[in-house]
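Scrolling down, you'll hit the structures one after another.
Presented sequentially are two complexes of chain A, the first with chain B as partner and the second with chain C.
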Partner chain A sequence: MAPIRDKFTIHSKAIVCQDVELKGDITIGSGTIVHPKATIFAIAGPIVIGSSCIIEEGAIIVNRRKEVMRIGDDNLFEIGCRIESPTVGDFNTISTRARVHHTVRIGSYCVVGAGCLLVPTEDEILDDYTVVYGPAAERRKWSGRGKVQEADLRRKHAEYLREMLPKFNRLRRGDGT
Partner chain B sequence: MLKRSEDEDGPGRGPHDLRDASTCQDVLSLSISSTAGYPVGGTEMAPSVQYHCACLSSSPAPPPPHLPSSSSSFHPLHTLFFCEECDAVRCNRCVAVEVSTYYCPNCLFEVPSASVRAEKNRCARNCFMCPNCRNTLSVVPSDPPENSDGRLTVPISAVGEPPFFLYCNHCRWDSAEVGITFEKPTGLAAQLQKFEDSAPDSLEFDRLKEHFEPFIPAASAALARDIPGVSKYNPSQGDEMTEYRSRVDIATASRMGTGGGDADVEYMRHLETVSEVASLNQRWTSSWATSFQARDLKPLRIPLHSKRSKRCPACTHILIKPEQKAQSVRYKIKLVAANYLPAITVTLPHAQQAQAEAARRSLGKSTAAAPEDDRGGSGVGMHAGKTYPFHLALTNPLYDPIQVRLSVQRMHVSTATTTSADGSATEKARRPPFAVSLPTSSFPIAAFAEAWEYEDDEDMFGVDDDEVGAGRGGREKDGRGKVKTVGVLEKRANVTVVGGEVVIGKEARGAVKFNMLVSYTYRSDDPAPSEGNDGSPTKSTKPPEIKTFAFYTVVDLGLIIPREDVRLDSES
Partner chain C sequence: MDPPIYYSKAEFIETDTGNKVSRRATIAGPQNIILGGKTIISSGAIIRGDLRRTGPGHAVVISLGRYCLVGEGCVMRPPYKTYRGNFNYYPMKIGDHVHIGANSVVEAATIGNHVEIGKNCVIGKFTIIKDCAKIADNTIVPPNTVIPALSLFAGSPGRFIEDLPESTQEMVEAQTKQFYTRFQPLER
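Let's look at the complex of A and B:
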């Protein structure tokens, strides 16, 4: 395998801390926040992250496939989660220590609960509004009630981080600047 | 090495439980990471010491430890109480329990005992449990109406708008799914009360209560005869019981959604996915018989908890009494055995060595931990026909030094059958399968002092350096310079480590488990420290202010690996 060529495209309004591990071809959209100690590995194909996502410390995002891994907008990746899905929609929450295999594609408004393992051997798609929860990774459909409030909370969360993180961390800039 | 094993003892017990749990989880979820850091021992059970409470037996001596029934007489030290009046150990089995407060575990509201029954033992304020996953529900306002273009309208105002509903943050269940919404976000239970009260089973229950009302005095009379303190018999009521007629008959009730009968059969016939049926877990937290269907699950009011005080069964003095306030975690009275009896922990040095080695081996290759364990297991167990040393660490909780004497309770040869299921058991019963030797003379343990708590912390940091253990902590050696296995091995702070030895018979099987009598003498009045208490036996003969207390413990060193297994092990 050819050595991975690093190419980081970071939007000028994104907050990417210095102490993150990036490898491969990575594009980070406007307003996205990457906490220190997060890891983004584009091993095979590139990774494209949309706008206003929050990637907390210890989160690991890996693309093992040749195709582009696309992550939508307003997603929250909590502390220590690991995600390898080829596509992720918008407004998803991947909770602390959850793990999603590369066989799962995630729709929008999904929640993977804390510590849930989503490791099917065959490809599957997590429909919109799917909630995975509990130690046995049970699933149910969310009615969607309260999503506006949650979206509002998510934006406030991001706004606060955009303000506070640069005060205490050095930021990383894209290759272009 | 001694030093090290001692230090590992404290923290070692905690993680072991975790380790067992995580290995179970391993089997279920095939997660490797959960056990990565831990040295997973081959033996599932750590050697343990449990304390005897004499409440179940007529004699002060405990039952033979190899009997399965003996386990109910022995308890871990932290669950025991100590009655100062009776000078005796009390366990949770024998104490008299009284409820001192009821409170809601979620809002910590103290519920007066008068209203507990009216509120049906559940929180009557704003605390609800998710019927789906049993997380606590929170009250949330509704979303503002969406714009026509489908885009989310952000930001919204901070004040929510009605209707409000209950929302589970964990599984995203919400009460609007089952048609429960609220006009205002307070007094939810009261708002739900009318649903609850009009439910057919609730009405039926009220009717039943009404029906039985006249007979309660008669029943209480019967109780009063047997149990003192129950209110007296009121003879004005007749004893004739009239026939009870239910409000609705069972067939109509099942159609109304209380479950049971043809309605459920019909429903099950047309079932498409399993998740449509509420699981047993989801249904049995409800007070009433509920519908089978997951979509009918209603939010549950959170069951109340209680704080209880406990009394000695003999002298009715209070042993433990919590503070009244639900927020407080302190006790007004707390006579726990851990403050009176020396805490004993047992370790097997050879097992610890094997475990440490296994840990060292699996350190680099955490993923390959599983096969490693099996081989490590053979080093940890005890083989028949061999001799093993063990260490007992005794910690003195008293502010005075104590003199301790240990002795093994003699096992009756006739009752020493290890496995009666075995055909050759009677032949083995001739002699006990193992022999235990303990130091025969008494030994001192220094008094407890708060300052030592801090010293222990320092010890933990220097575990590796202390491995040699020669510099500090007076490790004693034989006159011949050889490290002895039986006797006092180490004294530091209020901990004394003594060594024992177990000789396992050639044909032995089962567990190495023996009863040990621990008797200690302490100075009851004069707390003045005396310098001569380092092992001088003359101390205990001083008559007036010295008291003796004795208690039984059972020491479980683990399973014996029988001979057949030994041969198998050596082949692999």
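Let's look at the complex of A and C:
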């Protein structure tokens, strides 16, 4: 395998803390927040993260496939979660300590509950509005109630972090600047 | 008494009040964190004092009491919510003699005195843990849970298992004090 070449493209409005481990070809969109101690590894193919995502401490995002790993907008990756899925839509919540294998593609408005393991052997797609919960990773559909409120909370959260994080943490810039 | 637990002197910083903080712990916004004294923060722990409540003046984000232990790889961060349309993080208060096991994630609002939290636990946002409660290893406590005094919680989601004996307070107090005295620097 060819050695991993580091290439970070970080949008000027993104907040990426200094204490973050990045490896490989990574693109981070505008307004996305990466907390300290998060890890993003593009081992095989590149990783492209959309706008206004929040990646909390200890979260690990890995791309083991050759293809581009695309993460949409307004996703929340909570503390210590691990994501390897090749595509992630918009407005998903991956809760604390959840793990998603590279065989799962995530749609939009999905929630993976705290400590859930999503590790099927065959490829599958998580439909929009799917909620995965409990120790056995059971599934349900979300009716979409309170969607506006949820989106509002996410937006305000990102807005708050964009203002507060630079006051206490050193930031990292892309190669371009 | 049990044998001492040694740590290398270079790794920990000891304060005047006897707090021992690992140099390998990530502490953001230390001006917003209060340690009560004789508290140990192990290596790899992440404490987020930077996520403070907006508004003027000094804000305490995380306060820990005396004889606490924050285990290796723990994450402590204050909980957040929107209240009357305003987004905010809210302070987190932890009492005395609280031990938190390794690799647990704590986003509680309040933790009382003499509380034991096991390893690999997830304590959801705005959880209130009352005095002398115990959380078993690998427990996932959902957000907004109230854990009553002298109760043992375990499982995913965390459920009430049994009542703890009334002697819990003395037991935990002795245990945490003993742990602090056992935690000794190794010269060289």
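Simple rule for what comes next: the second predicted complex is superposed on the first by the 177 of 177 C-alpha atoms of A that agree within 3 Å, B and C clash if a C-alpha of one lies under 4 Å from a C-alpha of the other, contacts with A are read in each partner's own complex, and residues count from 1 in each chain.
In this section, a contact is a pair of C-beta atoms (placed from the backbone, for glycine too) under 8 Å apart; a residue touches a chain by one contact, two chains touch by 3 or more.
Small disclaimer: the values here were computed from a predicted structure and weren't measured.
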Would you sort A:Gly134 into first (chain B), second (chain C), both or neither based on which partner it touches?
both
First (chain B), second (chain C), both or neither: which does A:Val68 touch?
neither
In the superposed arrangement, which partner chain does A:Gly80 touch: chain B (first), chain C (second), both, or neither?
second
Now for A:Asp152: first (chain B), second (chain C), both, or neither, which partner does it touch?
both
Looking at A:Pro36, would you say it contacts chain B, chain C, both, or neither? Reply first, second, both or neither.
second
Under the stated touch criterion, which partner chain does A:Gly58 make contact with: chain B (first), chain C (second), both, or neither?
second
Mind working out whether A:Ala44 is in touch with chain B, chain C, both or neither, as first, second, both or neither?
neither
Which partner does A:Lys167 contact after superposing on A: first (chain B), second (chain C), both, neither?
second
Of chain B and chain C, which one contacts the greater number of residues in chain A?
C
Across the two complexes, find the residues of chain A that touch chain B and also touch chain C.
134, 152, 156
Can you name the residues of chain A that touch chain B in the complex?
111, 113, 117, 131, 133-134, 138, 140, 142-143, 145-149, 151-152, 155-156
Partner chain C, residues of chain A touching it in the complex
19, 36-37, 57-58, 79-80, 96-97, 114-115, 134-135, 152-153, 156-157, 159-160, 164-165, 167-169
How about chain C: which of its residues touch chain A in the complex?
26, 28-29, 46, 48-52, 54, 75, 77, 80-82, 86-89, 105, 122, 124, 140, 142, 156-157
List of chain B residues in touch with chain A within their complex:
29, 31, 132-133, 140-144, 146, 152-156, 160, 165, 167, 170-174, 176-177, 275
